[in-house]
Amino acid sequence: MTGPAPHDPSQPWLWPEETWRAKLAKVRAGRSLMPRQWKGGARMAVALSFDSDHETFELKNGGTSIGKMSQGQYGARRGIGRVLAALERHAVPASFFMPAVVAMINPDEVRSVIANGHEIALHSWIHEFNSGLDHATERDLALRAAEVLEKLSGVRPVGMRTASWDFSPHTLAIAREMGLLYDSSLMADDEPYELLEDDEPTGIVEIPVEWIRDDAPYVAMDRMTGTRPYGSPTMVADIFARELDMAWEEGGLFQLTMHPHHIGHRSRMFILEDIIRLAKSKGDVWFCTHADLARYCADECGLATPAPRA
Amino acid sequence: MTGPAPHDPSQPWLWPEETWRAKLAKVRAGRSLMPRQWKGGARMAVALSFDSDHETFELKNGGTSIGKMSQGQYGARRGIGRVLAALERHAVPASFFMPAVVAMINPDEVRSVIANGHEIALHSWIHEFNSGLDHATERDLALRAAEVLEKLSGVRPVGMRTASWDFSPHTLAIAREMGLLYDSSLMADDEPYELLEDDEPTGIVEIPVEWIRDDAPYVAMDRMTGTRPYGSPTMVADIFARELDMAWEEGGLFQLTMHPHHIGHRSRMFILEDIIRLAKSKGDVWFCTHADLARYCADECGLATPAPRA
Amino acid sequence: MTGPAPHDPSQPWLWPEETWRAKLAKVRAGRSLMPRQWKGGARMAVALSFDSDHETFELKNGGTSIGKMSQGQYGARRGIGRVLAALERHAVPASFFMPAVVAMINPDEVRSVIANGHEIALHSWIHEFNSGLDHATERDLALRAAEVLEKLSGVRPVGMRTASWDFSPHTLAIAREMGLLYDSSLMADDEPYELLEDDEPTGIVEIPVEWIRDDAPYVAMDRMTGTRPYGSPTMVADIFARELDMAWEEGGLFQLTMHPHHIGHRSRMFILEDIIRLAKSKGDVWFCTHADLARYCADECGLATPAPRA
Amino acid sequence: MTGPAPHDPSQPWLWPEETWRAKLAKVRAGRSLMPRQWKGGARMAVALSFDSDHETFELKNGGTSIGKMSQGQYGARRGIGRVLAALERHAVPASFFMPAVVAMINPDEVRSVIANGHEIALHSWIHEFNSGLDHATERDLALRAAEVLEKLSGVRPVGMRTASWDFSPHTLAIAREMGLLYDSSLMADDEPYELLEDDEPTGIVEIPVEWIRDDAPYVAMDRMTGTRPYGSPTMVADIFARELDMAWEEGGLFQLTMHPHHIGHRSRMFILEDIIRLAKSKGDVWFCTHADLARYCADECGLATPAPRA
């Protein structure tokens, strides 16, 4: 037990300190980017987002289940329409994270999202889990996805959310190379922060997500495993409301992730509408896209953001 | 990464576009078959269905558990009686999807269902998961199941629901060969639609199901996995009611799936009765079998339905 | 597909009819043993039971987890005392199903249960899952368990509940050889029925259980799998109450299974007390042990019960 | 079946009595250490604890998920601050169980906990599951962890909670060798008790935990398994309150475990605050650290506690 211990990943209790410190430091939360006040002096920022995975949640697994692909198609055929209508009714902007393949299947959806003043941002190629890819493949898919989204939407995406809500050891380097303004996949805070890579500031804004503020963990169904929709819609609405109430108390950010093929169902749309109504009832609230939020935080906190790639 | 990428099902992010487009197109939702109004001018259609799996939910796995078969027998011995009595009390029709083996075990149940004015439709041979079968086996079982149901019920079934709530690449071809009017296994919409096969209209009506509007995901129990009855009956009733309320708002279809061995229990029957009462309280509602619904939608929308097999 | 099909357990859709009919007939629900009225003219029978598994729920897996054994010991050290006190306070009898090893660990518990007028019945040797044993081993364990319980309690057990809530192909034959009055492990009805073996009446009364009326599925915790206590105590109380309410409506039997190491916790004891209070509030209720119930049903329905082994 | 049976761990039903008796006796609950009254004559003792696992809940698995490590970092960056502030606001002490690696990552957190009058106690090296380690490795990690905590906090820890909430066959021997006052990992009672090893009193106080009184089982999320946050915050609050209510009725101990990266979220902090308020509303309550509790129980019950190691 004395002397140099091995780095065996299956026995981390034998690691020397530098091993686990290096793991921690690879990507880590740096300084807070919470501004003194939100845009226009608002007390709370509300950033709604939708991961428009649609059919890719099954295509990424090989696309063998026609039933699951129909479940995903529901997102495009029914879910997105209800979501866009609700956002329009309440006049609030949102960010839509779209796998490139979803954008290619549904170019009208892309145009519709942009035409309604929302943001489109990166969400992988075909919902592949980036964490298992080699650097070249992950990079190639990211670059191609950005090109697809830009071509179909007319706007170059400035932010991303990984499909796995996780990073490979290469993800952050790729985001920096692409000149992205922000990522929204990690969970170290409620408020935006700057990402560090190997203890160095990166200029990338992290807009943290959380499973708690995501519809999928509560209602996703997978027949072949024990994953079931045990989370009642009223419970989901209650949890989101509690997160928002405390964000208001703290004068902070309330960030939320939903999926058109989950939240877009008849029995769940009220969750989205209720949370918008609750936010509005507070009074002084800034509804923003993730891109607006990242830019504002970067500016207010004097972040040296990387120049977008030409 | 350039040049022709492989079709490796474990690496869909390397697929060329034609690969995933072909997967998507295999079976896909086509035009909506939602009529301008429901039969008799009703504002909402309500199509209740029961998957009478009974003992086959264990027989399909090899039938080694006597306990699970007794749990299934409950459906035939207790559940179905309570269900039929409730439907009679409220004077509403429903569709019963029965594996052929269940019909052979319970010929009286078949007669009783028909005598009460309900529909009997296909639900596999012995609840086998069709998605893993070769074409010849799946076809043979489907044809034999139709013969069994016709012989025992006196009526040739015009619709089907796969046991897996999924399609193999051959399922739709088999349904077309059989001249079926409708399928009710997929999930791309809340309203009926026409199924496309390889981008071509098929004339088959899809009456979409959803796990959300199914009792089993919430209450099924499997001792050997983590599947547990964590979904409270009151939550299930609440979710069904929310789906129905919004169907009413939209002037649409409310389709529901239950299982006699689940819903037929003393603590759950109120869910069925409450949903019927709620539907009736709306006023102008058309309660219909799946066959009635499919025929009406096909007629109203000018669908070229295939001629039933002679 | 024509001609004799194989009996391959992995392909039940190829079985000939006699194969699945034989599987179904091995053990099956026969005639109902619900009497015209319950003892003393009561409208409802209430049969409470406790599976006193204690430490054996871990010993049966090899007993490697000291933590899980402590969790089981809670049943003996705290749970059983609270349960017996509650039953005494409300003056209602119950049946305790005990693995022989639990009786040997806690002989005082055995005596205490008997001294309070309750029943002790068979529940395997060490909570082994009988369904995987060969005939000789299952038989030997059953005979030895009966001897242990008789020796420690002074009363020969007349009923059993398998630890797996399942039967091997030999379980019923063993119960018949032992001259047992009843079994309480299967689920084909809400009311007692006679067990058939290969289509022949056996004279054995089945008092059906259900996971629905069991505390464990809702609250059991297993760190290494996804099994978690997601079922809230108030939900469990609500489900039990709904089962009881409908049993009262039907004039039937309300049977319930609990575990001292689950229900005996401070946050759950109210479930037991509430259900007793609810039953009493109905008025005309017969609280009985499973043995009393089986005897009464056998007598009222003229069942030719086997003579107990000398 | 007669004659000496094997000790095969996969066939415990064949074990001779001495085999399972030895397993039971290895570590077992001895005499109760519940004092006649709590300190200062209080009717109830309330011992709050926090397992500050932070990033180690992923490092212990090899630290491959940057996303999970960010989720853990939330505990240090946000959770702990909210927890300490709530404890200060209500002026109640608590015990913090910290893996040594967490203490090394967050030395300020260690100082802050101590400066606020709380206890720091052992919780493994890097959250490794002790149950799978050999004696020498487990011992070495325990000794080194104690040194790290003592060095960083200035106080030698007197108690421990294993990361697995389980014991290896060596854990208790190690705790005795270290001269620990108490352990808090096992579950055989609601009240403190003395641990026995091979039927001999050890002088070690056990302050029992339970998954029921732990936030993690209800809300933990693991994308790769079926573990999901299905337990609603209101349910968790209700369960904790029921445990506390009955502890008050019995004049006993209410012990609770939380995790800063779980309870410290905006939607869950109310659970902690509500339980403190509920306890205070009872009136005569002793809020204590686990160390205070163990010392008081040892003294009041005349326990021959081992001398702390020099």
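Labels for the chains are A, B, C and D, by order of writing; each one numbers its residues from 1.
Keep this in mind: a residue touches a chain if its C-beta (ideal position, glycine included) is under 8 Å from a C-beta of that chain, and two chains touch if they have at least 3 such contacts.
Every value quoted in this text rests on a predicted model; they were computed, and no experiment measured them.
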Interface composition of copies chain B and chain C: same or different, split at half: different
Distance-maximising chain from chain A - centres being C-alpha averages: C
Between chain A and chain C, centroid-to-centroid distance (C-alpha), Å: 49
Distance between chain centroids, defined by C-alpha means - chain A, chain D (Å): 35
Junction residues of chain A - those touching two or more other chains: 225-226, 228, 230, 232
Touching residues (chain side chain D, partner chain C) in the complex: 1, 9-10, 12-15, 17, 20, 23-24, 26-29, 131, 164-169, 171, 185-190, 208, 210-212, 217-218, 225-228, 230-232, 235, 238-240, 242-243, 245-247, 250
In the complex, chain D residues that touch chain A: 55, 59-71, 73-74, 77-78, 101, 104-105, 125-126, 128, 133, 136-137, 140-141, 219, 221, 223, 225-226, 228-230, 232-234, 265-270
